[in-house]
Every structure is written in structure tokens, then in C-alpha cells.
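The chains carry the letters A, B, C and D, assigned in the order they are written, with residues numbered from 1 in each.
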């Protein structure tokens, strides 16, 4: 007997995925978006915003370890970390595994989402919102970065998809990356989630990569497969000086060994594996000429 | 306006994918299976057998390069190659890029599928069925290997999913792998596609890995993301002696440089990237105790 | 934005319907079947058994009025009524509108379904389970009818679909209809729901019709459209003597006028409208030769 | 094995239907709309315009007999018939069954649709486009009616859904119905398809009914179930004088008996059955206050 209840997401106008829906745990219309916390037969508890899967109980560790550790390990000794986005708390969780961390500031606009995650997604945050080093603010990340004068060792951009019409588009522009660079301490590094790198949908990745390359001297795209995301997923690392490809396996192993709890996805070989760019993706990045700017934000889709 | 025509595949009983369906190019019921060649809005021309996507025009190169080159490059100078399965002809295409190859024998049971691919999937085979080094046989691969006395430098197992009830289950057993090992020339290597390595569906991969490890001294699982496959995909390399993880980037680069045409996915960094096994997958393999045998074939799903 | 949560039902292997799923109100696996009470965007609260929609808040009145009133009105003064099935309580509700009714006995095998309906489907039963004239039994309807010696004025068969493998198949056989006839009081009438009368799926209806015609002298098929059922729906009235087609509009109006509360679907014109059989359906019934028997129950699908 | 190819139609934003897709017979983008002729597993050959099922091989006879015969039979002796819309040719086919007919003029804007139907939908038109009494024009039906001075005995409005934004909305307004009335010969009658009469979607029907009632003295809504339409379907008959409810069964039988070929759906009892309006629909019509006008066309959905 085929299941009767399904979660349906059109990932593009040519593709959709269906997941059996075991339970509707929580739904709300926040000031900014439609929020659903569902239990799927395929991936367990799942956060959905505006109909799009954000992360799932079974494989969120792949996404969050991939987002956080390459940058943190490459930095080598981060003390002050800024997270833009990151509502579920799992990005904080991964940051706090690094024993050098003294403060984590997370800026997530949508307080109702963060509160719902605190209540319903303990598997993600593991109580880390209560860590005394953590501060959570609900305001516009762009303004916070522009107006503050604090410097950070690592800035992690864990943001919603850059839709042309949506507010997040301003968190993927040249001007924003300049602000990010201006708020890094010497030797600081930044990283952003960077959408699909699928063969039929990699232009947003290439655009983000090319835009960051106008601000930073070292820009490294990387990718992995988060199964529930359906397509291979990209990230971009950026720094003025530090290079994740320059670390030896031994050095990564030594740094990883100092983390205060074991990981499930990331390890030294996986670190370099993620930065191994197939030819087709190298070429997409090389041929990208466009830059995303405040005045002419580009359509990502 | 949402598209009106869709291809629907239940990848498990808890997940399905939908792809917009532009054109039905060819359908047939062969002696063994239902065959469809479709044009999808997402991935272009697509081969579907018994309702399951086999490979697509846009990303088949990722699958076929990942299946063929790690084994061929690790061997170093393969002359005689055997392919079990491989109906589309793209596995032959990748094999023939290696200039040392003197003969390729492909055994695919279903002649009607191979003929349909010859006619409709030129983008896959690129005419390589006509290469004088190529021989195609339509018989049972297990019997062919068991009964023949030829030895091969590389044996590539490009087989359908190992369903408990299906005929392919006998191409994933200990006894079959013993036959494969017995038909490798000294220094010969084998590789098999090895199904999903997704967090919620990796037991078949672990079982294949463990079963091969009873026959071969060197067994290396690897994986990549073929976007249209929806979940990350595994392969297992096996040999008595040769080790793909032992090659330096320089050596892989030198060997790749001798291929007679450029690749789109595989390169030295990608080679090692594919063999980088995340913790969760290492543990799944390590904890697997079962062996798949002729007398007690295990349920893969 | 397309809704993210859906109820999916394959009504045949060639057709399915999707309804947006607002809320999962209750789910359970009873001893006999999978039970879901959902709130659909299309039809409101909905009872689903084994993945199949049974009745919905918005249009259950069409089904239940169509099932109950043609038989009750044709009888003219029913005092003792038996319902086989009818878990939601809406069949009782419609029966109790008839002021002559002195007792209603409902036999529904699945007590957990009835209890869930009592709790969650007040819109259906409107408290009628508490009416002192109502008795509810949880046992096998076939045995109850065979073994009892009570006679009824109206017997209403509000049963699940007659699947070949399911227990309900024995509630659609010649032998069962003989038992039903044997437990009608003089002038008594029976009615059964009789599945789809769609152009591509009317053989079960014809089979039920033909089978009942071996037991009863007057058998009248009728039909209407219950929108959530997707296809037009059939019923069969049976009696030894009474004929719903023989009533004048005036007589039906007079009898309907004596009901103790107003109806939303049924009226004198609708009564005759439902018994108006299109040519194609008359022919399907006329050409049906098969009879459904205990010893050789026929495949309905 | 679940079918792999499906036709998907969102009938509202809360409901969709899926039909297995056997074959794509023809597709085109005409000047006005997207055209598909498909073969569905459920209903056979099917015409789809802009993603919406128009009529199917298996049950188009129900729609076309219901649209044509109540008006033609009520008229009693129609000679000159006008059809607005009706691309498939099946409306003409039904009109030509009436032996009194001397001329049929069909106005369908989209010549490419009509040509495709001529080629691919012979089951619908049965060659009737070649009947010497038939004239087909491709122009705007509203203008044709307004500017011509010919009078018709029966005007049949077989039009696309009245979307607020679409051109068809002007074929459902008070002003248009005044033009229709002005082009009827004495004793002439008109009929329009009038969309869903489902419990959750009957406001367009009520609006059309109420709008026609401002032009015509006798307006009669009626309905039936065309299974592939998913929901019960409405029509509105209009005339100044003639009344389909006033005909006796005998008179309808006599008139039907003079048709030059047998019908599959319509008969005297079905005629009256279709005009039997359930309470809920009578009330929806009674409470409708709005009128659809050229200057303020109302949103139907």
C-alpha cells in the first residue's frame, strides 16, 4: 500500500520530490515566512520554510559539518565567530566543537523560526543556545555587519536561497562581501552556502564564486552531497590569505583531533575531497563573468 | 503554469521524484524488462528500465567516468577489459579513451535494450559499438565469466540494482566475486557500481563492500553525486594488490594526460576526493557482518 | 506557492488524486485497517481507511442522503432499521430524520474506527450515537444477520469496497443477499452502496446489480456524484414489491415533508433523477451475466 | 509496479489529479494556447489545452450529449444552430443527429486547435466537419454574434473556462447574453457549459446562472457527472419562453426517437434527472446577487 500523506517540493519548475509525511509537528506563518516542522518517512524530523526543505534530522550533520569545519579548521584558532542565518542552531553546535571559540554571535532575522527550532529541533541545537558564549540577535544581518565595529575570525553565511525578489539577495552581493571582508580580523575567513552545483543548475554557484573573488584574494568553491537536498550542494570559502587547499592531511588531522567531540562526516580526506572540483564545475566558474551587486542584483534562477 | 506531463519514480517506498516529461522517444517491453527512452525537462534524454532512471544525457558522464576511470587509471595499462551490463555503451566509450586498450568485451543480457540504445542514445555511445576492438554478447554474465578461460586486466560490473527476487542478485555474491577474481590477469582490478550511500539507505553498499572483501585483498569503497540519481552513489574497487589510494596526484595526472580525449568529471583531485569516506560511511562498512552468497542471497532493500 | 503537504490516493492503478493536507487530526492502526482523520484543503475533515477516502465534511451529506432516503422514503413508514457498516454515524443520522423509526441497529466490525469517529467526526454523527433508539454492535455483519431472527423494515449496506481478498467480499454475494432478504419484514427494502459507475469502471456495479436481481424481484440501480469520490457513484435498491420508481413526485414530497429536519441534497426531483440510468449504464447492467457467490467470489477490480 | 509516466492537472490550488500517460500523440503551442493530445490509461485519447483536460475519448459523449440535446430537444425543431467554441467537433456531431437541422455554424477562435482535432480526434467529430451543412469560422465569437444579423434557433456556448484574465470572460457577461438573446429566432434557445457544481466550487455556476437570468425569462441550471472532469459539471439553459422542465417524458421520448442515430447517455429520464437540482445548489443559485458584466468582470476563481 502506497503511503497516503506526502510532502511535495518543486525544487525547480522541472523537478519535484515527494517524501512520505509521518507527522506534522508544528506549523506557523511567521512575520517573514511559512514555517513547517514535519516528520518525513525518509529523513525524519525536517524543517521547511516557504515550502522548501531546510535541513533534516538524518542528514543535517553533513550540511552543517561541511559549512563550518573547512573554514574553522583552515583558520586554525578562531575565537570570535559570526553566523548570519543559522536558525536551527546546528551551525552554532558545530562552531562550539572548536575549543578556541570564545564567542559566537548568530544573527537570524526571524525570531519565530529560532524559537520554534529551540522548542522542536533539539536534535539540531543540542542545547547550545544556552551556552554562555552564544548570543542570538534578531535583526537584519546586512545592517548588523555594516554598522558594527567588531571584528570576527570566522564569518559563516548560513542563509536562505538568493531569490531575486527576496531580502536574502542583498546577502550575496559584492557590496555585502566587502562589508564581510571589512569585519574579519587579520587572518579571518568567511564561508557561505552557495546553492546547487548540479549539472543543470550551477549558475548561482558560479555567480557567488565570481562575486566573492572580486573582494577576496583566496576564494575556493567546494561541494558535497546532502542527500535530502536532492542535488549536490556548493559552498564558497573566502579569505585574504588563508587557503584550505594548502593544509596537509596531517595538519587537518591534528586540528580536527583537538575538537571537543567527534564528527560524523568531516575528516582530513573529506576536507580535500570537498575541494576537488570536477572539470565541468571548474569550467562553469571560469566562464562566469557576472557579478551580483546591490544596484543590479542578478536573477539566480 | 505547472507542467502537465511528468515522470514519476518511487526511489524507495518513502521517497519519489518527479521530472517534467517533454517527450516519449521510445518504449518497449523487452523479454526482460520495460524500456522507456524519455526526454525530461530536467536532465534531457533519459533511459528508464522497469520504471527506474538508469542514466541521463546531462549527467551520465559523471556516473560513467566515476565507474571506469578509477579502476583503469589504477591498473595503469589495461589491454583487455570486460564489462558486465553497460547497455547504453557509455561504459565502453570511457574504456576506449585509454590508449592501451586492445579489446573490450561487453556482456549485456538484454539485446533489445542494447539495440534501442544504439539507435536512440548516440550521445552515450558515440558510435563506439562500431570500434573494431569492441565485442558485444547477449548472454548471462555470470555464466560467461564462469565458463570462459580468458583473463582480463579490468572487469567492470555495470549492473542493475541487486533486488532479492531479480536475476542480478547472483552478480553480487561471494561466489560471483570469486569467479571475477579468477578471471583477472595478474595485477588485474575489478569495480562494481554499488547503489546508494545515502544516510538512510547504505546497507546494500556495506554488504557489497563486505562481500568483496572476502575475495580480494584490497577493497576500496568510493562515491560521488550523480544528480539525477537523487542520492549519493557508491562504487567498490577490488584488487589483489593494486590500490587506488596509493597513487600520487602526479601519477594520476600523468596517466590521465595520456587518455586520448579530455574528461568532464574525473581528474586527480576528484579521484582522491571520491575515495574520501565520511565517518558515517566508514562505520557502516566497518560494522557490516553479512555476506551475500548464492545460497542465502540477502535482501538489499 | 504550491502547497507542501498532500494526501495522495490511487483510485485505480491508472488514476490518482491529490488533495492539499492542512492537518493530520488522528491516525491509528486498528485491528483491521489503517485509520486517518485528516483535514484537507479541498473538502475539510476527511475519514481515510487503508489510504482510501471514505467521506468528507463538505460532501458526506450527498453520499449519506443518497444512501438512506431513497430506501426509507420508498418504504413509507420504517420502524426497525439495520445498518451494516456506517462507522461515521452519518447513516444513523439520516435514518433518525424519519419520525417513524423506533430502532436502529448498526453493525460495524471495527470498534476503534467507530470510537475515533465518535470523538473526531461530530459533524457526521451529530451526537446520534447517544439517541436511545440506537444500538451499535461490533461484530461480523454477515454472521449477525444470518444468526439473528429479528426482521427489519430497511437494511442499509454501507460497506467497504468489495476487494476479492478482503472480508467485505462476503457482504456482496448471492448467499448474503438471501440472508438479507430473509431478514426483511413484509414490504421491507434493502439498499447497498455499489461503487463506481464511471465509464471506465462499472463492472462491480453491474455485478452487484445482477447478483441482487437473483434474490429480489425489484432491483433498481441509481447513482449520483459525490465530488470527493472523484467518479460517479452507484447504489442498488432491492425489494420484493416496493419500487422507488413508482412513487409520484407528490408522494415523495409528502413523505419528505414529514422528516423532522430539512435535507441538503435529496428532494423529489433528485429522487427520480438518481434513478435515471443513462444508456451506457443500462447496457452494462443488461449485459452482465456473472453472479457473485460465496464459493466463487469474483474479482471486482 | 506503479506507472512511470503521468498527466498532472491542478484542478484548483487544493486539488490535483494524476492519470497514467500512455502516449503523447501531438503537442503544439498555438497562437492562443498550449495544445496536447495524449492517450491516458484511464480515459484514452484526451485533448488538453493549457494543461487542462477538455474532453476524453471514453466520456466525451456524456459532456457533449448533455450540452446539446436538452436545448435541441426542448426547441423541438431547430434548423439553424450556432456553436461558439466546440473545437473537437463533437458538439457538431451531436447537433447533426437532429434531422431538422439545416445549417450549423461553429465559431472557434483557434484554428490550429480545430485542425489538430480534425487530424487526431476522429472519434470525436466522426467526419462531421465535412457535412455540407457545417461552416467553421475562426474568429472572435463575441464579435461574430454582435456584428451579424443572422438569427439562430439554438445557440450553444461550448467555451473555455471563464478566467478573469482570459479572453473567454467576455463570453460570460450580461452584455454578451443580451447579444445572444438578440440573435435567437422566435422560440430560440441557448445553452452554455457552466463549470463545476461541486460543493466546494459552485460560485461560477451561480454567477453564470444569475447573469443569464437578467437577460432571459426562463433560465434552468442542470448538471451531470462527466467522470474525467473530476467534479460534477453544470450547464445553464436559457430561453424566452421554452422550458425544458415542462416537457413530458413521452414528448421527450418522441422527439428523441426521431434522431437519426442512437445516443449513449441522454434519454427522457436522464433529461429530467439533469434538471433535478439538489437543495444545496438551489440555495447557492438563489443567494447569488452578483452579475458578470463587461465593465466589471468578476473573478470566477
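Details
One rule holds for everything that comes next: contacts are C-beta pairs under 8 Å (C-beta built on N, C-alpha and C of every residue); 3 or more make two chains touch, one makes a residue touch a chain.
Just so we're clear, the structure is a prediction, and the values are computed from it rather than from any experiment.
Fewest steps needed to get from chain B to chain D, stepping only to touching chains, is 1.
Mostly identical positions are employed by chain A and chain B in their mutual contact, as over half of the interface residue numbers are shared between these two copies. Here the spacing of chain A and chain C, counted between their Cα centres, is 55 Å. Chain A and chain B have centres, each the mean of its CA atoms, that are 32 Å apart. Within chain B, contacts with two or more other chains are made by residues 2-3, 6, 10. In terms of inter-chain touching, the protein chains here make up one closed cycle, each touching precisely two others.
This structure has the following touching chain pairs: A-B, A-C, B-D, C-D. Considering their complex, residues 1-10, 21, 23-24, 34, 36, 38, 48, 50-51 of chain C touch chain A. Interface of chain B with chain A (complex): residues 2-3, 6, 10, 12-20, 40-43, 58-59, 61-62, 198-200, 224-225, 227, 230-232, 262-267, 269-270, 272-280.
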